[in-house]
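What follows are several structures.
Both complexes below contain subunit A, partnered by subunit B and then by subunit C.
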Partner chain A sequence: MQTVQRRTLPLRLPRVRPGGVLPILAILAVLLVLVGIRQPDFLSPPSLMSFLGRSAPIILLAAGQYFVIVSGEFDLSVGSLVTAQVVVAARLIDGDPTRTWPVVLLLLAFGALVGLVNGLITTRLRVPSFITTLGMFLILVGAVYLWSDGAPKGGLSEEFRRFGRRAFEDVPLLGRVPYALLVLLALAAVAVLLMRSDFGRTLVAVGDNPRTAELSGVRVWRTRTIAFILSGLAAAAAAILLGGYSGVSFQAGAGLEFGAITAVVLGGVALGGGRGSVVGAMLGALTLELLFALMNFYGVSGALRSTVQGAIILLAVAVSATRSSSR
Partner chain B sequence: MRRSMAALAAVTLLSLTACATDEPAASPSGSAPAGSGTGDQSKFFVQADYDAELSLLTAAPTGPADKPWEQVLNPKMVDTAKFKKTGPHKICFSNAALNNPWRQVGFKTMQAEVEAQKSRIKEFVHVDAEGKDQKQIADINDLLGKDCDALIVSPNTTATLTPAVEAACQAGLPVVVFDRGVNTKCPVTFINPIGGYGFGHVGAEFVSQKMKPGGKVLALRILPGVDVLETRWSAAKVAFDKAKVDVVGVEFTDGDPAKTKKIVDDYIQRYGTIDGVWMDAGAVAVAAVEAFQDAGKPVPPMNGEDQLDFLKIWKDKNLTAIAPTYPTYQWRTPIIAALRILDGEQVSSPWKLPQPTVTQDNLDRYLDPSMPPLHYAMCGCTDLPGYPQRWK
Partner chain C sequence: MSALSLLPARRPVPGVFVALTLTLAIGWLVVLMDGGQLFNQSTTVSLLHVAAGLGLVAVGQTLVILGGSLDLSVAYVISLSTLVAAETMNGSDGALLPAIGLALVVSAGVGLLNGLLVTKLRVNAFIATLGVGLLLKGYLDNGYDGPAGTTSPALVQSLGYQRIGPVPVSFLLLVAVTAAAWFALSKTRFGHHLVAVGGDPEVARLSGVRNDRILVTAHVLCSMCAGLAGVYLASRLGSGAPRVGTEGLYDLESIAAVVIGGTALAGGRGGVVGTVGGVLLLASIDAIFNQLEVDAFFKQVIRGAIIIAAVAVYARRAMRKAAA
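Presenting the complex of A and B:
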């Protein structure tokens, strides 16, 4: 069984890998030029650094969503999970700096647990992930509301908030380097290494053709469950950064699941799984954030963001559908 | 293939930072789009009410100076002899919601007031409508069958709750409405502070006076269509139009800090600098301050509210700020009013409470660092049973 797996997978890889980092880089470059024309200030080191820091949470979420999507599933629960994590963190820390690290660990465990539940319900109970994670979304929203009476309580310590808010100041050339950016780079490196490992190949194979993967000896349910756990962990990391950035909020994660899915699709990852790279997904998130920044500079109402996201999802899926049918 | 992908990623990151060697321009692009201005006046704006509220700002209250929750502005006494009843009483309260820190602090204050009056109140029934009109209509209906001696209502919305309050009046109960109003004169009294016009005006006047003439103001609102908030904005609009400041944006924040910080950040990026911030409720004031701090910009003149997190950052960072209030001590007054009505004593209707403003001069008086950040300074609760633990 093992040998079969080893032989088939590398053969499939060349088809999988080109999943399109070049198109997204091209879009990113065009947007950078447009931003540079409109608001040259934005490209100055401090401003660019804080932009990257602010974009770190959505980029992490896109990476987490990538694992799930490339394996052929969806995770709609990440936005509500982020909100739940921020509210839980505020209530548990309650302004006490000594509780920061235990709560951070707890949040990561909580994220992994939610991912595990999502994964097991999807793979073992055979509930479509769309429904599983929608259910989880509603459960988390309701639970948070019930637990907090609809008003946030407690407070985040400065120690907790520094991950999302503070930066190394006075760095030569760059000006300031946000902690969030360093967290992002470290976790992005882990994500890339993970996708280059056996696990990554298996994950893509599972999304490409679960039946073949199953026959080649891959435990599809386990691989997909791990993908959900990774998504939950990414949500926890994003929640720590977002909570740090904006403080206690009932809307910290509102709409982030759609942002992450849009970013993943924009980054050339096929909905339905099996195609695209995690770097593409993360660049997709960066591109999306840059697009929103550009819209802001041109005075386009922020209310149009969800419209733009919807259009991108439809367009990207339509493009990839016509491309694969013409093959 | 994979290696080239990683290389591309590295190149992207590098190129992003390489662009960063450009000299920062001295000023933001001069062709930023024109602001949305203050727009049309709200349909909630009533000139007579506006004039009345603004005159109340300078009116001298009657009543004990150290108990603003018992004071009245321009009292108009009404007779309540027909409600006279021997105690101890059962007082019932239909509450719109407990869904924000302002209401949480207020309700704790009300509970403490009940406790302080326990010799006269044998039972206090509280029903939380959880922000739902339909539930509150049902709640009030239920309470009518529970032998309450007096009914206190804080309506969720004005128009929808009016018939339910009318039904309660018809049941012969003395009804006391407070905080938000209803469209009927049937309650014995309606208790609230000066109101939205006063709040909005004080903040807008301060911001337009403290900033440079013609500077850029960002107005932050919670949500449209709520009378208290609409009147706050409409009074601010009058002040801004008169001062000829450039209102570059009027944005809705849902009262959420994450959304607020993002909006303020967007405006700072778009305009390079914002010269004043006005908001219709101070709960997100700290998020707005942080947006300026994190962007490395000075915090412009702004208003918040008497929430302690804002008072603290105001003092710590020496902000140019003001805090008009909508005092939580108004939650004490309905209990006091209900007991007076049951004694057959005259009460004022409407019962207009003073609405103090926190300024640089009296900031220290209101800032109590030992209380939690989401506490409200105007709770009027320091003499009540259980202070301070109950509010922590």
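Presenting the complex of A and C:
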């Protein structure tokens, strides 16, 4: 089985590459030039660093969503999971700095647990992941409102907020390096290593053709469940950064699942699984954020964001669909 | 595992009606013990009103799901349709029919776009309708902060609040639309072709079905059903409401009702009668919880769990059937 994988992969990679990272890098470059023309200050190292720090949560969510999508499923519960985590963190910490680390660990465990439940319901009970995670979305939103009687309680400690807010100031050349950016880089490295490991190859194989994977000895259900757990963990990390940056609210994670899916699709990852890279997905998220920043500079109403997002989704998928059918 | 278990699976009426009867019976008992009365006039009327709104959307959703597609844009189509209807009427009875017509035409246009994206550009239905939904969301968010327009008084009095005994006119509209959809599915060529396309698109194509045309038609009809639900909601609210579709979770709830009603999410199997059963089940659970004064948020948690559980039961049954 090993040799089979080793032989097919190099054959497949060059085919993936053109549809993968290069187009999104090109789009990113074009956007950077446009931003540079309109708002040259934005490209100065300190403000660029801040932008990257602010974009860290959605980039992490895109990476999490990538694992699930490349394995052939969807996770629509991540937005509500982020909201739930931020509200839970605020109530449990309640301004007490000594509780910061236990709560951080608890959030990670909570994220993993939600992922595990999503994964088991999808793979063992054969509920389509679309329904599983939308049901989970309802449950999480309902539960978090119920638990806090309709208004968020407590507050995050300064210790907790530092991940999303603070930065190493006065760094030579760069000016400032947000903690969030360091967290992002570390986790992105983990994600890339994971996708290069045997697990990553198995994950792509499962998304590409579950039947073949099953017949060649892969436990498809276990692989997919792990993908859901990774998505839950990514949501926990994103929630910690997001809660630190923008504070506690019931709107903390609203709509993030669609943002993450848009980013993944934009990054050249095929829906239905089996094709695309995690770096592409993360670059997709970065591109999306840069596009929103650009819209801001051009004075486009924030309400039109979703229209732009919708147009991008349709365009990206239509282009890749016509390309793959002509192949 | 003999005739007994095979019987419900073979019959066209799915098990959802058994679940509905059980739910109503248990709910009636529990509410009675709580000192209330489940089947009094006002509870029944409001149950049927809830069912009418959701049902119109869900019947349309059944058509696309049967064809192996999906529509996530219905919630935004509903909101858009309330606004188009109410702003065109602007409180006058004279503009009633043109306004309803315009709302339906606009909805049909959205359905056409969905259908063309799914069939001609081969965009995954989930993403295509999500994308179209987001386009509409941007338009609504950008243009409207709150209610706009005024529904014509005649429409409010007729479709909105008129009823015959405990049965609202709007529920009769749902019955009529369901009957029409049932007829189309079981007696016309379009219906048979739609089910064939959902069951196996390749086989359908090889046997001469024009898959694309059938699926586009299903999408147009689905959107028009959502548009009709929008007209109904405008008649209840008295104005156009830019967020009524999303706040009512009509996208998710309609899909849930379809699946609970026994239609396979992958397409090719099921029907509108089961869907109406699913709608009535969701509306009954709602009514029972209201009578028991259950916390609204708790209700949502239970609802999520019920949807997952119901789909799991069907998936399990399908698996067993495949194994046998």
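The working rule: the second predicted complex is superposed on the first by the 308 of 327 C-alpha atoms of A that agree within 3 Å, B and C clash if a C-alpha of one lies under 4 Å from a C-alpha of the other, contacts with A are read in each partner's own complex, and residues count from 1 in each chain.
Simple rule for what comes next: contacts are C-beta pairs under 8 Å (C-beta built on N, C-alpha and C of every residue); 3 or more make two chains touch, one makes a residue touch a chain.
Only a predicted model underlies this, so the values are computations on that prediction, with no experimental measurement involved.
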Practice task
Based on the superposed arrangement around subunit A, label subunit B with subunit C as either clash or fit.
Solution key: fit
Exercise for the section: Could you tell me if A:Q251 is touching subunit B, subunit C, both of them or neither one (first, second, both, neither)? Expected result: first
Exercise for the section: Tell me which partner A:A285 touches in the superposition: subunit B (first), subunit C (second), both or neither. Expected result: neither
Exercise for the section: Treating the CA centre of subunit A as the corner point, state the angle out to subunit B and subunit C, nearest 10°. Expected result: 70
Practice task
Considering only the touch criterion stated at the top, classify A:V204 as touching first (subunit B), second (subunit C), both, or neither.
Solution key: neither
Exercise for the section: Report for A:L31: first if it touches subunit B alone, second if subunit C alone, otherwise both or neither. Expected result: neither
Practice task
Return first, second, both or neither, reflecting whether A:N296 touches subunit B, subunit C, both chains, or no partner chain.
Solution key: first
Problem - subunit C versus subunit B, contacts on subunit A by residue - result: B
Practice task
Could you look at A:M49 and tell me whether it touches subunit B, subunit C, both or neither (first, second, both, neither)?
Solution key: first
Practice task
Determine, under the contact definition given at the top, whether A:A238 touches first (subunit B), second (subunit C), both, or neither.
Solution key: neither
Fill in the blank from the handout: Min C-alpha distance subunit B to subunit C after superposition on A, in Å, is 6
Fill in the blank from the handout: So the subunit A residues that subunit B and subunit C both touch are 150
Exercise for the section: Enumerate the contact residues on subunit C facing subunit A in the complex. Expected result: 117, 121-124, 126-128, 130-139, 141-142, 249, 252, 255-256, 259, 265, 295, 297-305, 307-308, 311-312, 315-316, 318-319
Exercise for the section: Report the residues of subunit A in contact with subunit C in the complex, numbered from low to high. Expected result: 74, 121, 125-128, 130-132, 134-139, 141-143, 145-146, 150, 258, 261, 265, 271-272, 301, 303-311, 313-314, 317-318, 321-322, 325
Problem - Footprint of subunit A on subunit B - complex, ascending - result: 1-2, 5-6, 8-9, 12, 16-17, 19-25, 28-29, 32-33, 97-101, 103-104, 130-131, 251, 254, 256-263, 265-266, 269-270, 272, 286-287, 290, 294-296, 372-374
Completion exercise
Touching subunit B in the complex, subunit A uses residues 13-14, 17-18, 21-22, 25, 28, 32, 36, 38-50, 52, 54, 95, 149-153, 155, 165, 173-175, 192, 196, 242, 245-252, 277, 279, 282-283, 293, 296-299, 302
